[in-house]
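The following pair of complexes shares a single chain, subunit A, combined with subunit B in the former and subunit C in the latter.
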Partner chain A sequence: MGSSPLKRFTAAAVTLGAGLAIAACGGGEDSAEEDAAAGQEATTGASAGGKAMVNYTSFPDYLDPALSYTQEGWNTLSTVYTPLVTFRRAEGAEGAELVPALVQEMPEVSEDGKTYSMTLRERLEYSDGKPVKASDFERSLQRALILQSGGSSFYFDIEGAEEYFEGGKAKGDIRGITADDETGEITIKLKTPNGAFPYILSMPFASVVPGDTPFENQTKNPPPGVGPYRFQNVRQGRGYELVRNENFPEIEGLPEPKLDRIEVEIKKNQRRQVQDVIQNKVDWIVDPPPADQLREVKAEYSDRYEEYVTNSTYYYFMNHRVAPFDNPEVRKAVNYAIDKRALARLFGGLLEPGCNFLPPGMQGYEKIDPCPYGDPNEAPQVDKARQMIKDAGVAGDEVFVYGNGEDPSRPTTEYLADVLNQIGFEAKPRIIEASVYFQTVGNQKTNAQIGFANWFQDFPHPQNFMFLVDPASIQNTNNPNLGNVEDPEIRKALKEASQQPIEEAANRYAEVDRQLIAEAHVAPYGHRKLTNFVSERVDFENCTVTHPVYDLDLTQLCVTE
Partner chain B sequence: MTTHQDPATALPAADPGEIEHAATGRTGAGPWHLAARRLRRNRVALPFGALFLLLVAIALLAPAFGESVAKTGPNTNHLSDTITVRGQERNVVELDGVPIGPQYLAAKGRYMLGADGNGRDVMVRLLYGARNSLFIGLTASLITTVLAVTVGLLAGYYRGPVDAVISRTLDSLWAFPPVLIGVALGVSLALGGLDLGLFQVRGNSLWIPTLIIGVVSVVYLARPIRGQVLSLREKEFVEAARAHGASDLQIMTRELLPNLVSTVLTFLPVLVANAILLEAALSFLGAGVQPPDPSWGTMLANGVNLLITSPHLTIAPGAMLVLTVLSLNVFGDGVRDALDPRSRVKIGT
Partner chain C sequence: MAAFVIRRLLGMVLVLFAVSVLVFLIFTVIPNGDPAYRMAGKNVTPQVVEQIRKEWGFDQNLFVQYTTTMKKLFSGNLISYENRVNVVEEIIRGLPRTFALAIGAALIWFVVGVAVGLFTAVRAGRWPDRVVTVIALVGISMPVFWLGALASYYLGYKANIFPNGGYAEIADEGFLSWLHHLLLPWLVLATLFIGVYSRVVRSSMLDTINEDYVRTARAKGLSERRVLIRHVLRNSLIPVVTLWGLDFGAILGGGAILTETVFDLQGIGQYFAESIKRLDVPPVMAVTMFGAFFIVAFNTFVDIVYALLDPRIRLE
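Let's turn to the complex of A and B:
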């Protein structure tokens, strides 16, 4: 399975600012029980129903679950559409736990790991009242493939899916999927076992929509779904409303929404957004406050502001095929020289310095302690790095550091160039237009030596990070393995781990993580923090649930009237 | 044979300067001498000209200031460093990314104008930025002048198809906003550079924005040059040269070109000012001077995100930009007045 590199592009541009801030009311009679079931604390002091106003800086890429591949999109769509399995609506590790959503039980996996069997819940209805059929699942996946969704390649492990995608004919069939509308049984056959497949099933691309939904982008008129909310009054580019879906069934782990209505408004000016939250005109903003307002927000509104670490990693790739980074000692020297405290400052403090490639919230994460290159929160060993460069005989070599023109890529690229100069290289930044950056450095012809890279998770499974350093991922164009990491041991370990359930494979991923750092295949330096900043109306203690996949859970937002 | 028909020589009899000049009985004052005298007596233009020279001098002193006073280079990051200010240790960049503000003389010359987001000394970058901005402004203007005079001469002298081709090309260039062309060229050349066989420029070289600005500004000077050549080529002195058997090249270089000097001199300060502004705009948009090299445009761009907490990041380069452009424009007005026979600037005492 290969992840599309698109998430890197979109997430890099969009998720950086993703956070959630909503205001709403919540807490019906059953809400405490449901929250407890979902691992949430009961809501207190908040009234049921009500309305909240949310600001996004840009309109989601699509309001169509088959197509959307940005954090804003998923933040909204996760409230309107539900896949066969999904994540428990809770914070932290609990929120990364898969629960059966539209199916009665978690899929039954055959012994060879290739067949997934499940049965649809009974009497499921879309928000427009029409019944949900088992065959709708296949049609929904077909839509995603025919529309050439950015997530298409995730499903190529299903027998016949890739052929269906390449055939491009809507009337075809994905032979690996069988569905019985009478019994509600759905069977999925894979070409090869994939331990991450349940997570792939939980992605919004696999959300179930009515089988007669046109095979076209439906952003202007989003199809009905089986989610806590439904769309209303979509004004493309300007905003939309989320209205409570009365047909949403009781599902353990997915509590009923607390608000009756959520208004989403697109406001380009982030400073204005912050001012509106301060003045309680807006209840939550998705993007962190701009750097020059952050200090004021943290100082004066700390009772309604929080930061959290996302499942993301910021790192420098070092191309193993291009000198001087084909030399492991040179790569280690770079790791010794990087000051992670300094880099955290370039993120306005919104970076958790770290030594691992896997982020802290990811299964398989085991903190590498001590870090072989020194404590991430202490000064770097520049002198040692300089000596290593000298010993390697590459002092004075010319190095171009690649980055794009947006924050934080540009300043971190300039920083790295300065560090490389300090340890003996003749380094210059090479700044590329952000929209084509990853295509450019992911093209083997560019021969990019070293540069900025980041990744935000698609789903909380280590495979979704490790493919970035998997030798099997190396391609001539759109190469996700930017450093051309070609370690055969890593390849072998990742191949074996990918075929096991995460419970069994977690240790193996942790071992790969350690090996990546020990061999200095990459130079990770931290994990992005995002923020929740809400109005005074929001019950900050009880109603801001930061989900590890969808960020602020809009369904749990509530306001005190 | 060289016959100058410079506007400064065609002083009307009523010109007070000329009258006074005749009355004093002094002889031998040529048109350039007269123009220089007018300029010297312009009490507005001269101080601004001096200001521009001062800015150039300051820019030239950048390395000395960096090494001896600020003790840092323009691109050296000091993100985790601390400095001592009046006995107190302070972070150059706070943990939340806010850089230290202007220290003036409190930190022994370090961070006089504060630090930027990467912990770089703003004063040092400002001076190095001045070098880059002035280099690009002056060099681009020279390129513009050479190209514009060449195409203007050719179009105006030959007329016909040559003029049609050149003029339509200039019209096409005129149709696009210079910033738009500059951004398009700057972005596309920033990665791969420019390779014209013998002439190769790397993507991060200052010559990329210099050449771009030099070329896109040609139209502003080429048009008036062409117009003037169209007029001059009909004058008697050109007829005389032709009658003496002078070739086209000789007529253009020996007869017409000297008569264009005053026009070029009038335009030059404005061209330099516009080039500096265009460079700032392109750099602000990421298509001019490439990081980490400083220019006033890149410094402005870097400071925008911290406008509220660190206004010094935009005020300092903005002020330099204003001062430089203002000095050039006012001085340029003075030059124009000095070369203009109808100038109201009095030559006599």
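Let's turn to the complex of A and C:
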């Protein structure tokens, strides 16, 4: 590679000292050429082993599987910890397939759908060489509950889990879990059948860590896990290293790691991250390039840049309990008036316009075609919407459009206010501080009429989206069903679907999705795209596997030496 | 004198107390600012929120919450609501970066500011004064984030003369690399202050230069250099030192938020800005107290030094 910045600086300083400032600039150009030459040399094919440098914009919320609930956290933790069952490490629909990880077979489910039985694989070891015990699973789940993890409530379906959580004492027992260290058998009993439970079991919160791990946040000194990598040199807030775990067993669906070491550095300036990838100092960045750099990246580095659609939905909620959106015709008018192409532009192009509420990568997704409100990639029907508002007798009504101050919420909120004004309302945006936004609009006392909403999956099961429109999830505070969708048919369909395995329930979810759109319960407009931008050292064709849950699979990243 | 010092120190404690109460109240009474909801994550249920409230004491009255927070702050056990990390440890981790930025930049702006002020004062009204005055005003007018972004882009990313932001630990990468990473942030941060300080020094020197004792010194036959340095500059520096003390205190306390952010130094200022964005009360409280301490401490120090130099201040 080219000379280091320090050497270049020293050379430049000496040159400047001699009064030859122009020569110093020339030195910079020379080194850029050297870098380019080195880049060309680096296209000779990747090999296993080696080291890669990865940048995150922020340090993961926790390096503790019981607590982490962010994209960065799961991207890393999925390489260090493994739950009893997990997702196959592959792209697209294949990546949403559950495989037995620490257990020998997928859990056996009883007839009534309430009991899950499974047996731990034999001779499993943590990265520190200690054996994995069946009882470690219960202790790991207890940690998540006692630490009041953001994921705690996912496990309240297990008998006794809610009581254990409320008791708040580490030494208690979760009644519904039995584990035999001798035989490795684990049994989980649920209060009610839940078709999504295997997916919940695969979430990082349920990753297995040693039973003696303290019931405290372990970010500073993460516990050993059963993953392809282990943590090394953790510097809170700054970075850490992932080093190959020599004790990682052979598990079908979880490939061996390609790199020996991955260095993760926190670089809060996204612009710098992009520049460093361009100059091959960094091999992959988790966040998309900022809008002003995106065009350059797409134009000049398309051979190492890609966009992919995430399992997410951006939509406007419309409160069924508050006028004028208690009128279905008004809600339909909003759907007719929204220009999804314009909204995609507000996302800097990183939005896939869509008509469905469920995202394309989700099981149960069936593209609604034709979309009742027109093709998402064509112009909206504003005149028709204006007439509908007039017919409904609500023209001139005052409407407050809720959104938060961050991108893309603010521009999409302002956009909607503008659209509502065009179709006859007196609309104004009402911008709320981002950190309290969902709390505010999810409080029934706020009476939020209409506003920005979005959701990124926790796991690839439609239940994880449908609860946002499920009448059963309406609550007075922190209401996830922001629009108070109260359709009894939807409620019944979702209840029944939730108790069935996904193979049987997928069609029902697709039906609910169609119903949501046909009756304009919500106004979805698209699904977020994220990006992979890698250095020239990365074998872009063969080593960038984008997983539907964990994003780029770090275990399959490879670089040239 | 002892009574004066005690009075000033008591005043300092009172100011810090008032700052802590104000900050706590502001961040606690923000509508829907209940941290229990934010801590409960995306998948919120009333049970989880209730349990967090109980465990973290958010169900207590404001007075108890305030005293608990302060107790934890002074015992070093204050925990962030956002990522449950010890806030005091985070500040200590950011301290070397912020101190390195502040001390280097403050030295540069003081030395260069005084030199430029002296240069323009002795040439007042002539073309070098006018040229330097325009340059100083340009320096004052350039926002740090703009200048920093330009410098980082052209000198860091494009020309590769400086690193493109970031901070190098001396222990990991050595002194030269540390210095190399800090030079650009120092120069950018100092640019604004150099303009201000040179104007203050120039103005103060022009006031002093016409004093009777300066004329007397010249009449005694002292060289012009000696008159300027020992009689004019020395007396002109009193307001400059006061100003420097306050600015330096503010920067030490995390005030260089923009510079830290543009160069991604990840010091206390950047930590503070991120904590405010997340409405994370514990770090906001801790960094505010930390910053206020430096500002008040330097202010008190300057007052005490003044009192030593000028007994009239003590009597007032």
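Everything below uses one rule, namely that the second predicted complex is superposed on the first by the 516 of 561 C-alpha atoms of A that agree within 3 Å, B and C clash if a C-alpha of one lies under 4 Å from a C-alpha of the other, contacts with A are read in each partner's own complex, and residues count from 1 in each chain.
Going forward, a residue touches a chain if its C-beta (ideal position, glycine included) is under 8 Å from a C-beta of that chain, and two chains touch if they have at least 3 such contacts.
Predicted model, so just to flag it, every value in this text is computed and none were measured.
> Is A:T183 touching the first partner subunit B, the second partner subunit C, both, or neither of them?
Touch partners of A:T183: none, neither subunit B nor subunit C.
> If you stack the two complexes on chain A, which partner ends up touching A:Q104: first (subunit B), second (subunit C), both, or neither?
neither
> Pick one for A:T477: touches subunit B only (first), subunit C only (second), both, or neither.
second
> Which partner chains sit in contact with A:G150 here, subunit B, subunit C, both or neither? Use first/second/both/neither.
Touch partner of A:G150: subunit C, not subunit B.
> Looking at A:I431 after the superposition, I want to know if it touches subunit B, subunit C, both of them or none. Which is it: first, second, both, neither?
Once the two structures are laid over each other on A, A:I431 reaches subunit B alone.
> Which partner, subunit B or subunit C, is in contact with more residues of subunit A?
Answer, by number of touched residues of subunit A: C.
> Which of the two partners, first being subunit B and second being subunit C, lies in contact with A:R238: first, second, both, or neither?
After superposition on chain A, A:R238 lies in contact with subunit C alone.
> Looking at A:T192, would you say it contacts subunit B, subunit C, both, or neither? Reply first, second, both or neither.
A:T192 contacts neither subunit B nor subunit C.
> Is A:D276 in contact with subunit B, with subunit C, with both, or with neither (first, second, both, neither)?
In the superposition, A:D276 touches subunit C alone.
> Which holds for A:F165: it touches subunit B only (first), subunit C only (second), both, or neither?
In the superposition, A:F165 touches subunit C alone.
> Show which residues of subunit A both subunit B and subunit C reach, each in its own complex.
433, 440
> Going by the contact rule set out above, which residues of subunit C touch subunit A in the complex?
30-34, 37-49, 51-52, 54-55, 82-85, 89-90, 93, 152, 157-166, 176-177, 180, 261-262, 264, 266, 270, 277-279
> Inside the complex, what are the residues of subunit A that reach subunit C?
Checking each residue of subunit A against subunit C gives 5-6, 8-9, 12, 24-25, 28, 31-32, 59, 61-62, 67, 69, 148-154, 156, 162, 165-166, 168, 217, 219, 236-238, 266-269, 272, 275-276, 279, 433-436, 439-440, 443, 458, 475, 477-478, 480.
> If you look only at subunit A, which of its residues touch subunit B in the complex?
That would be residues 290-295, 298, 339, 341-349, 379, 405, 407, 410-411, 413-415, 417-419, 421, 428-433, 440 of subunit A.
> Looking at the complex, which residues from subunit B come into contact with subunit A?
It comes out as residues 75-77, 79-80, 93-98, 117-119, 187, 190-191, 203-204, 286, 290-292, 305-310.
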